[in-house]
Structures are given as C-alpha cells and as structure tokens.
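There are two complexes below, and they share chain A, which is joined by chain B in the first and by chain C in the second.
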Partner chain A sequence: MRRREFLKLAATSATGAVLFTGCGSIGDANPEHEFKIESPVRNPNDLLYGRDNWYATATPLSIGGYGIIVRVFEGRAKKVEGNPDFPVNLGRSCAKAQALVQEVYHPDRIGGPLRLAGQRGSGQFQVIEWEEALGQVADLIRQAPDSTLLITEPLNGALGAIVEQFVQTTGIQHASLEPDERVVLREAMRRVFGVDTLPTLDLANARFLVSFSADFLHTWISPVQFARAYGAFRQGRPDVRGTYYHVGPRLSGTAANADRWFPVRPGAEGLVALSMAQVMLEEGLVEGDGAEPFFQAIGLTPEQLGADFAPDRVADAAGLTAEQIRELAHAFAEQRPSVAIAGTSAAATTNGLFNLAAVFGLNYLVGSVNSEGGLILNPASPLPDELPANRGGDPYSQWVNIAQQIAGGQIRTVLVHRANPVYSLPPASGIQDALRGAGSVVSFSSFLDETTMLADLVLPDHTALEQWGLVVPEPGPGFEIVAIQQPVVNPFVNTRAFGDVLIQIASQLGQALPWPSQEAAVRALADGLRGLGRGNVEAEQPSEYFVTMQTQGGWWDEEARAEEASPQAPTAPANPEFAGDPGQFPFYLLPFPSDSLGYGEFSHLPWLQALPEPVSTNVWGTWIELNPRTAQDIGVETGDVVRVVTPQGSAELPVYVNPAAMPDVLSVPMGQGHKAYGRYAEGRGVNPLELVAPQAERETGALAWAATRCRLELTGRRMRIARFEGQFPAFQLEEFPIIQVTRPRT
Partner chain B sequence: MQRYFRLVLFAAVMLVVLAIPVAAVLARSYFLAPTAQPVKAQPIQFPHQVHVQGMGLDCTFCHRGATTSAQATIPALEFCMNCHKIVPWEGRPDLERLVEAFQSGQTIQWNKVHQLPDHVHFVHAVHLNFGFQCADCHGDVGSMGKPGVKQVRDLRMGDCLTCHQQNGARTDCSVCHY
Partner chain C sequence: MPRWGMVIDLDRCTGCGACVVACQAENNVPINTEDVYHQRRAIEWIRLERYWEGEYPNIKARYIPVPCMHCQNAPCEPVCPVYATYHTSEGINMQVYNRCIGTRYCAINCHWHVRFFNFWEPKWPDSLKNQLNPNVTVRSRGVMEKCTFCIQRVVKAEHQAKLEGRDLEADEFTTACAQACPAEAIVFGDLDNPNSRVAQLVNSAVNERGYRLLEDLGTEPSVYYLKKIDPEAAAEEHSGH
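And now, the complex of A and B:
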C-alpha cells in the first residue's frame, strides 16, 4: 500500500466512524419503554406522602343517622369522628360509626353484580355486568309487580323518598325490618304521646333518671346522644350530680353506671311503674293535673290502680320489696326534674307495650313531658311530603304472614336491601324455607349474609361512606333536623348506590322517577329545605346553600319543636307470659343486644367483634351468664360448656359466672351465630333467636324475644372464653390502693 | 520550494482530515446534549405553570415520592381526577384525553424528560433532605407551560461530579454506580 492510499483510508474510516456514531442518538441500544414513564390509572396503595382532608357526612340510619366527619388520606377513608357541629352528637361518635371504614375495605366485600351459578344457597356466584343485572331485575318486576316484595331496613329522608316513589310507580309491595322492640316503642310513643317519632332526653338539666331495662348508653335507640347527655347529667353542673336508678333483670353496662340497681323479674317493669304511680298518687306527689293523661295512657281508673297496684300487692310478682318500690317512687317524685324511660328487654316480653306505656306515662305524673330536664318528643320531618319520616318496621306477626305468602306463591320475587331476615327472624317464622323456595330473590347487600346466600342476583350497594343521602336522625335532638350524607371516597369496588339502581330499573320499566340519580334527589330535596327559609344554613344561591349544608353536615332549626303531646289510646295492664313450663324449664332466658354487634348486623366488622362487652369483657363469641350460686348448684364454673334447652331448641354455650346476674335469669348476648356474612362473623357462637320461642307481644305482634324459659344440661366439656378480664392475676401497684367490693351491711 | 509544497499540502490535508472527526465529536457533544434537545412531545401537554403558579401546588403534592424515596413518582390518573372530576373538560382536548384515559382504564405513557442511564442510581429523597430544591436540578418547572417540560441542566456525569465536589459529597464510583 502506498502512503497516499493509507492516508485516504485512515481519514475515511476515522471520519466515517465518527459520523456513524454521531448520527444516532444516545442510548439507541435501550428498549423503548426505558424512555417512558407511566401514570397508573388508580392510586397505588402505598403512596408515601400527602395531606389529609376531613369531610362531613352522616352515619346510616341503623346507627342513628347522626353527623360524622371522616379523615380521608390519599383517597382512602381512614378515621371517623363525630361532627362537633351536629346537634345530635356534638362531636361524639360510637364504635359502630368508627368501624364504617372497615366496611369499605372489607376483604369479603362483594366486588360487583353476581348471578347464582349453582344450587340456591350453595354460595356459588358468577360475576356479571351491571346492565345485565339491571335488565334481569327489571324483567322480574315487569312480569309480576303485584307479587314482588321489597324488604328494606327502615328508611327515611332521600332514600326513603326514592323507595317510596319506586314502590308507587311500579306497584310492588314494601316491608321493612327492624328490631322488634323498636316496633313496640314506636307504638308506645303513638299511644302515650301521639307522636310517630322516637323521644330524646334532656338529661343535661335533669336531676333524676330511672331506666327500666333500657340500655341507653350502649344499644337503646341513640346511645351516642344519650351517653353525651349522661356525662352532662353526672358531671356537667358544678352543684348537681344527677341520680340514676336502674330497674331491670340484667346488670347491663348501662345499669352498672347506676347509683342503685333494682333487679326485677323479666317483664315486671310496667308493674313496678304502676305501683310507683300508685304511691305517688296516694301520697300527693303528682305534679299539677298530670294524673289525667297518665290514666288515659294506661286505661285504668284511680280506684283500680289503688286496689290492684299498691306496693304490697305487686312486690312479690315484681321481685322487689314494697319498701323498694316506695323508695323508687319517692326518688322519682322528689328529685325533679326527673325522667323515666323503658326499653330493650322491657319491650321484648309479651306485655312489652304495657311496660313501655306504664313507664313513659310516669313522665306525665311529674310534668316531665316536653319540659326542661324531661322527656323531649321529636317533631316529624321538616318536609313531611318530600322527605318521608321513618316508616318504622313491620312486626314479627307480619313477617310470619309474609313468609307464608312467599311459600304460598302470592309473592314470587323478593328484593332485599340492607336487611337480613334469614338471620334476624327466628327460624320459626319460616322465612328461611320460604326464601329458599321463592321464585326469585334479589339482594342489594355488599356482603354475602344469610339472606344474600339465598339470592339469585346480587346488585351490591355502596357503603355509607360512598354515597349521597339525606337522613332524618332517629331519634333527633328534640327539634327538626336533617343530616346530609356525601361520598367521602370514590366507590372502592364495582358497586352502585341503591337509589341509582332503583331509578335505573324504573327507567327500564318505562316509568321515570322524578330524579335522574340518588345524588340529584339529594340535591333537589336539600333545595326544598332552602325553600323553608329557616334553619342553620344561610345562603341565597342553591349551590352555595348546598355546599354550606355539606360543610356543616346538615340542616337544623332549633326553634321547630314538637307540639304538646297527649295520650291517643290506652294500653291495659298485662302480665308477662313465658313459653315453657316452670317445672321443666326453671330459668328465664334473657337475650340482650350486644353493645358492639347490635342484633348481629355488625358482626362482620372485626373491630366490633374485638370490642369487649362492658360487664364481662368477653369478645368474639357467645356465652351464657350465670349467678355464682346457680352455677354452684348445678356444678359449673366459667368456661364449662352447658346445653341450654328451651321449648324451641337447644344450643351449647360456655358459662360465664357473673356475680351480678339474677339467680333465675340466664343472659345470652345476641349478634353471633352467623352461618354466612364473611370470615369474621361466620361460624362463631350462637344466635339466641334460634332458642327463643316465637312468642308475640300481645298488642303489636312484635317478637317477644325475652319471653322464653330454659333449663341447663351439663356436657362435661370446657372451652376458653376469649376475654380481657381475669386472664392474668392482678398485681399491686404501690401508688394505687386496693378497693374491695363487698356486700352492703344489712 | 516545490520540494516542500507537497509536504505542506500533505500537512494541510492532514489537518483538515483530522479536524473533521474532532469537529464532529464537538458538534455531537453540543447538539446532542440533553439541554439542547427540543421539548419532547407528550401524550397530554401538561402545563406545570397552571398547577404551580396558578394553583399554588407544591411539587411534592403530585410527585409524592420525592421526599421519601428514590423516585419522585408521577401521580396516578385517579389522583388527577380528585380535582379534575369537578373541572369542566368539554372542548379542552388535553383534559378530554385525561378523562377518557381514566374512564377507560388506560394508563398514560409519558416521554421521560430527565433520562438517566440505568447504571446510575439517583435518589431524590437524599438530595432534597440535604437541602436542595427541585428547581436546582430541574429548573423553574413551575413556570413551564405548554407544550411541556424542558431539561435545563446537563445532569451528565461531569455535572454530577462537579456538584458533588462543590458540596463535599463523596465522589467514588460506588456512590452512584452500584
């Protein structure tokens, strides 16, 4: 090679090499996705940093419909607190409201519409599309609207309005399911005071409270409202500490707060109340002309009261001494303002309505009806036509009818929303067999509870924190009030609001409801409140009005109170009747609603399962409470498994020896014994409703779940009860003296 | 003279020939520098200006990983929709694209502006916790509107090393190459 050729070649190759690399871009060898960065569609669960927001909304009506605020962080609901502005609870909340966040993110939540894919009850479902599900429900209703039944929990406000419109336009039937003692209480309110609403208490100004079995700090109608008021009653005034006596067969968590507990026989509450009235009338302790409405309420003459209800005559039947009854009467009459309430098991006996009428009637005698420090009646909904007030539940006797109609084929399609009749009604009602054989069952539940397990179609509803609503709190704070519910988070799974589903089904049936969606209904009805021109929300423009209402959590008008009440119908005295021969079944079986699980509607939430029952500290199970002497007599101790036998059936339960139990009263908590309803509820404990005889309250037809006798049989087995108290020996701390609880010296 | 003419010509040709690759290398370095690149086309012309200057959002409001992890992270569409569900989008093509992508469950593939080779590890959190601002490396992104973000700092190894030396940070290889 000559020099010239070498130089040419060298120059060409060097230039070529440089140009070759220079023409490309950096990193040509890398795959294309290396140069991309992706925005995912959904927020990842592990976002690291951000700020929280608090949104005001309301609890569902089954927890009272009061105002809450929810902490939302990265699009997730994290914590529930009471809304400090909301008059019903003034910043307080209850464990059930706290656990609402667990419902949203529950691992067993139904993720979208389902269709039965196997035998009914097999729990085998296949996922379908919403349009298909809606079309199928519309077809079912179109085929036979007359023989279609919609079962809901008691509804009011916006959802109540939508359901009412849907029922009217489609012509289907509607029934609502609520705990039977509420049915009795509503009837008592109607008869004794002439109102359709549940009452509240002005405890902050009262000096004396007597509760007849009403577990008002834990389960009775509005525990959040009453617990806050109870704090003011006891400690809110510098010079007065309210006195509280409890009369009832069980020392509940509420009764344990009382200054005195008067254990009476189950169902004898009304008898004690009449006897107290007799003492007050005889000794001239009655306020003004309060005797007149009292006698109207109980349908007796003063002579009959004096002849049959003197303390000496009723003491034995009530299980108290005559002196104790006089003491109660004096305390009630002399420490005014005083107030008397009754509920829980007092309403769940065959004479429940009489018990409630007699006790609530006592308030007339001391002038405590709708007065400061007394029983405050609630007004109806502020817009009675547009925002329906609570419809109330149907009594047990009606459910037996419904079960027969389903079994007989008069009702072919059953739609169920937020009610679980298979669990909540005793097996003797026949509802389970009826639904198993029903033409079609459609559930709107978010969980596979016992009723949803029998469904052909499941169209899951949003949870409370994901939907719009207007709720009239039940009971209210004594004046007109509406809580607004707004979605604080986006729907977590593929669910649709029940109201939206009804509106869409109606439009498929060619019968449009007045609103295009549940949200539109809420907005329209809230604007109706603006039309009233009163209340806490001050804004001219509709949008501003709505936003102000959202931030405050609702609408209320403290001036709009219930008018004076008067008795509408008398309730004659009656004695309780118990299923079971006393010789064969020596004990009273006293189920009681669990303070955390209620009647079993909250058993799917682990926070509530793990919340100790206040007296025994037991969790995650069912037990039976025995007096120590009774336990000694039959030779059992805490942890021994006994068989509880009633005329209706039997169940095996561990014994919990409770020094505060009455010797012949055996208490069993409700709420467990689910056969479905998710991993935390299923297969745990016993449902006492399977043990109680299907006794009905004599006037209302409600289930008297505290009217069954039982006996115990030994099994020889033992099991550990999960509980906090007594698991470890107590030890002495230097700075704390030991307090010994002893019997009072007689 | 004629005898030397050929030598001079050879040297001149040689100089020209050798200058071509040198010039090419210099030109490549200049024209292909990250800061010299045109603004990359993006599936949505996201205006940082509106969100930062207009709305007053902090960078970390959306880039939530920046203070706590290696990546600053790009927000999810659901996160955008927290606000954009109430911002009208009709007739605004970029917003329509966002809402459509979210509703149809499609992710958005952005073109990376600040591209580090994968043999370099850069940890956002360490630099922010030391006291640097986002703008120290990314420039005033908050004032960049449409069509999108431009890289304003070289951010190649020389840049990294210079900054590490100036701030007394370690400069051994394993600081970044591990």
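And now, the complex of A and C:
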C-alpha cells in the first residue's frame, strides 16, 4: 500500500465515518465516498489529472439564470466566469455567481437524506437511505394528495416542466415563493404592457435613465445584464455619455452611481412620475401618440392629471420642490432615447403597483417601449407548452391563506423545495407556527435552513453546479433564450436532483412522468428546440445538436422578439399608507435587499457575507442607518445600540451614521437574522421582516415591506460594527484626492 | 517582452464587488471573518473603497477599486531585506512567499496599503479547501501577500504560447477581477502591445481623463485610472498634482 492510499483510508475511518452517522452534514471533512479508491474505469467523466476543463452551465434563476463557464480541476469546481457567448451577460459575472462554488463545498451542506430524530425543530436528524426516504414521501402523498402542498421557488424551463407534470399527475397543490416586490413587478408588466415576462433595458443606446428606487446595478432582477449595459451607457460611445438620475428614499449602492439623486418620501415614486407626465403633457414634450397608452395605464383623464398632479400640488407630498420635478421631466423628455424604471422599495409600499405602473407608463410618453435605447419587453418561452416560462410567485396574502390552511388541517403535508418561507415571510404570516404543527413537512433543500429545520424528512437536492437543467433567463436579453445547465462536477455528497426525486416518487405512486430522469427531460426538451428549426445552434443530428448547445451554453434566437405592447388594465393613483401613528413613530423604516446577500438566500456563503455593502462598507451583520443630524438630535453615533420599535415589534441594532440618509428614513439591510442555515449565516443580526407590519400592497396583496413607521429608544450600550471603512478613510483629503472627478466634455 | 498594466474606468465602475470576490476565488485569499474586520486586517487584494463627498442632500458616494499599483519604481521593493519583494522583467511587483520572513517593511513603505500580512494561519473548513486554486500557493502565517496581476494566468498563457511556438496575442487572457467586472470598468493587458485594449486606452482615454493614485510620489504605478465624470463637479477640476 502506498502512503497516499494509506492516508486516504486513515482519513475515512477517522473522520468520515463518525461525522456521517452523526449529523448527516459534511462537517469539516470530505464525504466518505470521496476516499474510496476507484478504478480508472469508474472515474468521473472527463477527469484528466493535471488538466483543467471548462464547462458551460447556467446560474440558478435567483441569480438571473445567465450563462457561466466553470473551471473544473481534477473533479473539483474551482472558479466561475461569465460565458462569453451567452447574450444575457457576454462573459460578465457577479459576486453571487462567483460564490456558487462555495455552495458545492459548503461544510454545512446536507450530506444525504435525513429523518427527524428528535422533536420537530430540534435540528436532530438521522441519516437514512434514499429508497426509504422516497418511499416515505410517496406514502405521504398517496394518503392524501389533495391535502399536500408543494412549495418551490419560481421555476421555469425543464425543472418547471417536471414540477408541472408531477403536480398534474399526482393531484397535489403547488405554490411558489419569491420576493414580493417581484410579484408586484410581474403584475405591473401585465397591466402596463400586456406581457408576462420581466423587461430589459437597451441602456447601451440610451441617453437618459431615471430609476425610481430600482437597485438595478446590484439587486434588481438582472444586475449583471444591466451593469454591462451601464458600462456602455456611460463610456461605450465616443460622443455620448448617458445621464442617470435616481429618485428614491435611499442612496443605494446603485444610486451612488447617479449623476443626481432626488431623495423622495417612501412610496412617492408614482406621484413624482405622474407629475413629470403632467409637465411633459402641458409643455408639449410628449412623443407622438404616446399619451393615449399612458392614460390607459394609469386610468386617468388628461384633465384629472392636470388638476391633481401639477408639480406645485405634489411637491410637498413627494418631498421635492416643484422645480426639481420640472427638471426631471425636462431631462427625461429632452434627452432621448430615455427610459424610466421602478422597483425595489417603490414596489414594496401599499401603493407599489401604482408606483410601478406610473413610472413604467412614462416610457410610452417618450416612445421608449420596445424601441432602441428604451425599455425592451421580453418574449415568452420559445416552447410555451413544453418549457414553461416563469410562473411567478404567490403574493403575501395567499401565503397567509396557506398558513391558515396548514394550521386548519386542510393541508396536511407540505413539501418544500429551496424556498424558505419561515425566513422569507414575516412572522405575522403565521407560516412558522403552521409548519410546526403541520402533519408532515418534507424539505428538498441542500442546507438546513429555517424551514428545513422543521422538516420530518430531508431529501437534499444537488447544488446548481451538479445538475441538469434548462433555464429561461429572467429577464432575457429582449429575445427568446434558454440557458442549459449541466453538471460540471459529480455530486459531492449523497444528494439527488430534485427532478429525479419527483420522477422516482411518481413512479412509486404508479404514475410515470414523461421522462425517466431530469437529464432525460433536459435532453428531450432541448430536442424540442431543435424542432423549431431556428436559433444559434446548427446541427442535423440530435446528439450533435445537444453537444453544440452544451458548448455554447444555450439556445437563442435574436429574431424572436416580443410583439407590440399595449396597456391591459389601468392602475389608479393611490397614496402610500404606513403602519404606525406618525406622532408615536416619527421615522419611516426602510428595509433594503442586501447587495450581496439579497433577501437572505445567499447568507450562507462566506465570500458574500464578507463582501462589504458598498455604501456603508459594513459586513457580517445588520445595522440601522441614520442621517448625521438625526443621530446628533437623538444623541447617538456609529456603534451605539438603539432599540427600533414598530407597531409590530422591536429589535436592537447598532447605528451606522450614513451621511446620505434622509433625516426621517431609517434603512436596515435584509439578509441576516437567520436562526439556522449553516455556520456563516446563523445567529447574526436581525431580520427586518420581523419588524415590519404585515401591510399588503393594495391591489396585488404582496407584502409591503417598506410601509412601516418606527421610533428609536436608546439602550446606552455600544457594539462594534464589522466594517471595511477604517482600513481606508471615509472622506478623502482635498490635497490628495483618491477619486478624481472631471466634468463631461461639452 | 510584455509590460503588464491596468486601466480602471471610474465612470464605468458600479461598486458591485464582483472583482473582490472573483479575486478571492482565484487567488485563495482567506475568508475575511467578522473578527478580521474588527482587527482591520481584512485581506482584499483588490478592494472597493467608498468616499463621501458633500453633505445631505447634496452628497455623493464614490467608488474606487484598488489593487496593487505595480509601481515601476516601487517603494516596497528596496526595503525587503531578503529580496522576497522584487520586480519582474514584465513589470509585475512580485512577492516570493517562501523567501518572506515577515519583517513587514514593504507594507510600511507602501502608500496604497495593498500589502497584507498573514498574522495567523489561514483557515478553511476541509470541504471548502476543495475549491482552492491549485495554481496558487496558499500563504502561511508570517508571510506578506498581495495582488500579483494573476501571475498564474500570465505564466499559463505565456507557456501555452511558447508551446504553440507563437507570440502572446493581445488580450488572450485577463486577470480575475477584469474578467468578472460586469461593467467592463477594469481592463488588463500588455501596455507595449499596440493591439491590446489597455494600450489603446492609455493612448486615448488616459490622455483625456487619466491619472494615477498618488502619482506625485514618482513611483510610476502601472495602474491607470480614468476620472469619474460628474456634470456637477466643481468647474475647476482636481489637478493631477
């Protein structure tokens, strides 16, 4: 026996065995099967010692489903880069995609199927065999399919097709969970433009962009796609530098890039948009017959708009001056092509849908819908029946119903794939208590998140880099596109692809899905694309077609674009309503999605935890941002701990004095406050959703997480905020400017 | 022989941090834990600095990515007693880890604070070690580390070109930060190859709005910045000193 083999065996008996019977997660060691000495015949595919391979695959939908290439060395995923051929990102990538490799080798990844071994919620699990786990889930469904609910993240493409088939065949119910602001955005797209897809922007050809609170370069729907276009918008043309104005209550990581920032009251975005429209109409700055669809979208007459939304009438309510609104209107109308977008907190107030409808409606006024330099609508999936496009998430109000049905016993078995409702929904939804008392909870997550902690059975899924898939990127680049996902490494631990698991459960129930495996589904559906006879992939034979598609990273057809858009239903103006009496709760509480952690779905990855939030440079925690004057009035400074009290609850948070904070707006990042989800996420900071009142957006029923007021109480305690600022200074020295600034050429 | 350099366009940079994570993934940079931040010892070979300008409501937050400047006249090099810090013939400021004895003179002499000392042995859970890049040394306790312009990528590309009996092509590879950057703000390449994007930028945009950090010190950094453009900037722009 060689030394190397001896060491492998020693390691197996020492660490592998103990950890694997113990807790079922990887722990600090490598999984047991990794130590088995395999014959070269059984080596993983393509494994060539000493050489690296690059495989094209796709990010999960939560990162946009764009094309990446992954460097694999001796069977290990090492590095993610953007796929240079893939039209959405053309070789570019983001911090979240870079961190996908950490998900594969995460020490707290679930190592195989588990069964609850103690009280529900105790976190004590016992390792079981796959066959046993599958049999138990099949039994649960067999007992009462119509009182079984499957909760997933929004799915499309191949996995969407498998889930749809499974739901139909077995007769169970299905709900999908996504950030509520997206629920509002989807509805706005349907109403204003009549499309079911999310839009993209032709920034590379635009001259002016106004974003109403949309954090489009960091967290909003497709940051990589937009950031790439933004580079070209600023410096991609010899004679034109695009101008970007930001309207919103927080100088976000994105807003910091704006040429001008207009701080407005939370929820006033739509009001400002209507007022801009009023100025444009009054001064004859509207393109062609753009006024007609605009008025259809907002359900007003020109007289009503003129009477109620002139800048002088709305300025105070918006927190701007009338002159600023006129300036915005002129900039937007005169520097064409121009484009207006709204999102993030603008969608998360009680009048969120109106905010989005009014702002996106502005694009009609300048002829920027589906035109060069404007807002580009995306077509549906190229195979709408076989490859479903995004089904979209259910709104908060529906989740409250679901929680009641679980609590009331109408839903007895809950299956959860990746979505984490216990963390992502506010406690007021009742979902946590409902799941605690549910008949059975089955999780398909790769990590022990808050929801999985309540599970009786865990059937862990592969990570994104270990499985097959076809993903329709959301939003696409303006034409039909499908990304192909392929395993770049063999599964690191004893997991199975969610699609395979569903297919196997169905077969135990005596019902066959159309495909024998997730891979087979991907191959069959990819062949459906071949049947279309168009697109980038050219090959006669099915196998050649598939391999070509794999190497290019997907299928796309630049000619297949969305058709003309028109408003489908009006969204009437509405004012934002806030929970909490202004006398008792003088401040607005403004949660914001974290630039690197999103809504908390990436909090388990250490690189993303350690990446400073760009504006505050804070890391690894939660803080509350105060304007310097507000802080002075209250008598606190950075690091003082305050108690934030809302009508819903209270939490203690350290203050970060943010020189750009609005005086009456207190911002808190989302993403922390996990009570489970592995060593890097657990037990840090506060989840602001525990503070927000369960206000719903008035038309969609989505959670209005930016519609709560709060007050501060001093605790007299201090704590150190982990942050990057301090390794370098906050303000530059005038005599040695680090960042030099110049005026544009005229 | 190439002369490696970089141009960073501050008017394109969005402050997203993709470069920071891409660098950590490529170069086996240890995980910056909460404690490390408290100690002000976060290791980021390329970092994103944010500077405030003005007061609310007329306030700006500006971003700048800062890697090692790879000075041609580097103040960190002559102070190393053991020649662990040296200059390659291709213009890269290199660190030889197994020569380094941890005097930290180089870090003291670097005005850009882009040298990082390993006060402790870097730690990863065993399973995360599977991600480590086999082409890059994991630095041990007591050793200085820094941006290498992804020397492993340079060497690999040069080796490949040599095997194929040809010259390096312009922009046939790039650094991890530049490759990730979604806004294409970071451009890396051979300053002496007129076909490379970086050389073209040095001949065009750099003439117009280029500057180098702390240029007055005369260290000849190889990293050029393109000034942020701001229509509201003071009429008298900052001089280059």
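What we mean here is this: the second predicted complex is superposed on the first by the 677 of 746 C-alpha atoms of A that agree within 3 Å, B and C clash if a C-alpha of one lies under 4 Å from a C-alpha of the other, contacts with A are read in each partner's own complex, and residues count from 1 in each chain.
Please note the rule applied: a residue touches a chain if its C-beta (ideal position, glycine included) is under 8 Å from a C-beta of that chain, and two chains touch if they have at least 3 such contacts.
Please read these numbers as outputs of a predicted model, since none were measured by experiment.
Of the two partners, chain B and chain C, it is C that touches more residues of chain A.
In the superposition on chain A, A:P302 makes contact with neither chain B nor chain C.
Contact with chain C, but none with chain B, is seen for A:P659 once the two complexes are overlaid on the shared chain. When both complexes are overlaid on chain A, the residue A:G528 reaches neither chain B nor chain C. Judged by the touch definition given at the top, the superposed model places A:A77 against chain C, while chain B stays out of reach. Applying the stated contact rule after C-alpha superposition, one finds that A:G439 touches neither chain B nor chain C. In the superposition on chain A, A:A227 contacts chain C only, with no contact to chain B.
In the superposed model, A:P145 makes contact with neither chain B nor chain C. In the superposition on chain A, A:P427 makes contact with neither chain B nor chain C.
Residues common to the contacts of chain A with chain B and with chain C across the two structures: 26-27, 30. By the touch criterion stated above, chain C contacts chain A in their complex at residues 9-12, 14-18, 20-22, 24-26, 31-34, 37-38, 40, 42, 47-53, 55-57, 59-64, 66, 113, 125-134, 176, 179-185, 205, 208-209, 211, 213-214, 225-233, 235, 237-238, 240-241.
Here chain A touches chain B in the complex through residues 7, 10-11, 14-15, 17-19, 21-22, 25-27, 30, 34-44, 47-50, 75, 490, going by the rule given at the top. By the touch rule above, chain B contacts chain A in their complex via residues 10, 13-14, 17-18, 20-21, 24-25, 27-28, 32, 60-61, 64-65, 67-69, 74-80, 82, 101-102, 105-112, 115, 117-118. Against chain C, the residues of chain A that register as touching in their complex are 26-31, 73-74, 76-82, 89, 91-95, 98-99, 101-102, 104-107, 109, 217-218, 223-224, 227-228, 230-232, 234-235, 241, 243, 251, 253-254, 256-257, 259-261, 263, 492, 595-596, 606-608, 610-612, 614-615, 617, 619-621, 627-629, 659-663, 684, 720, 722-732, 735-745.
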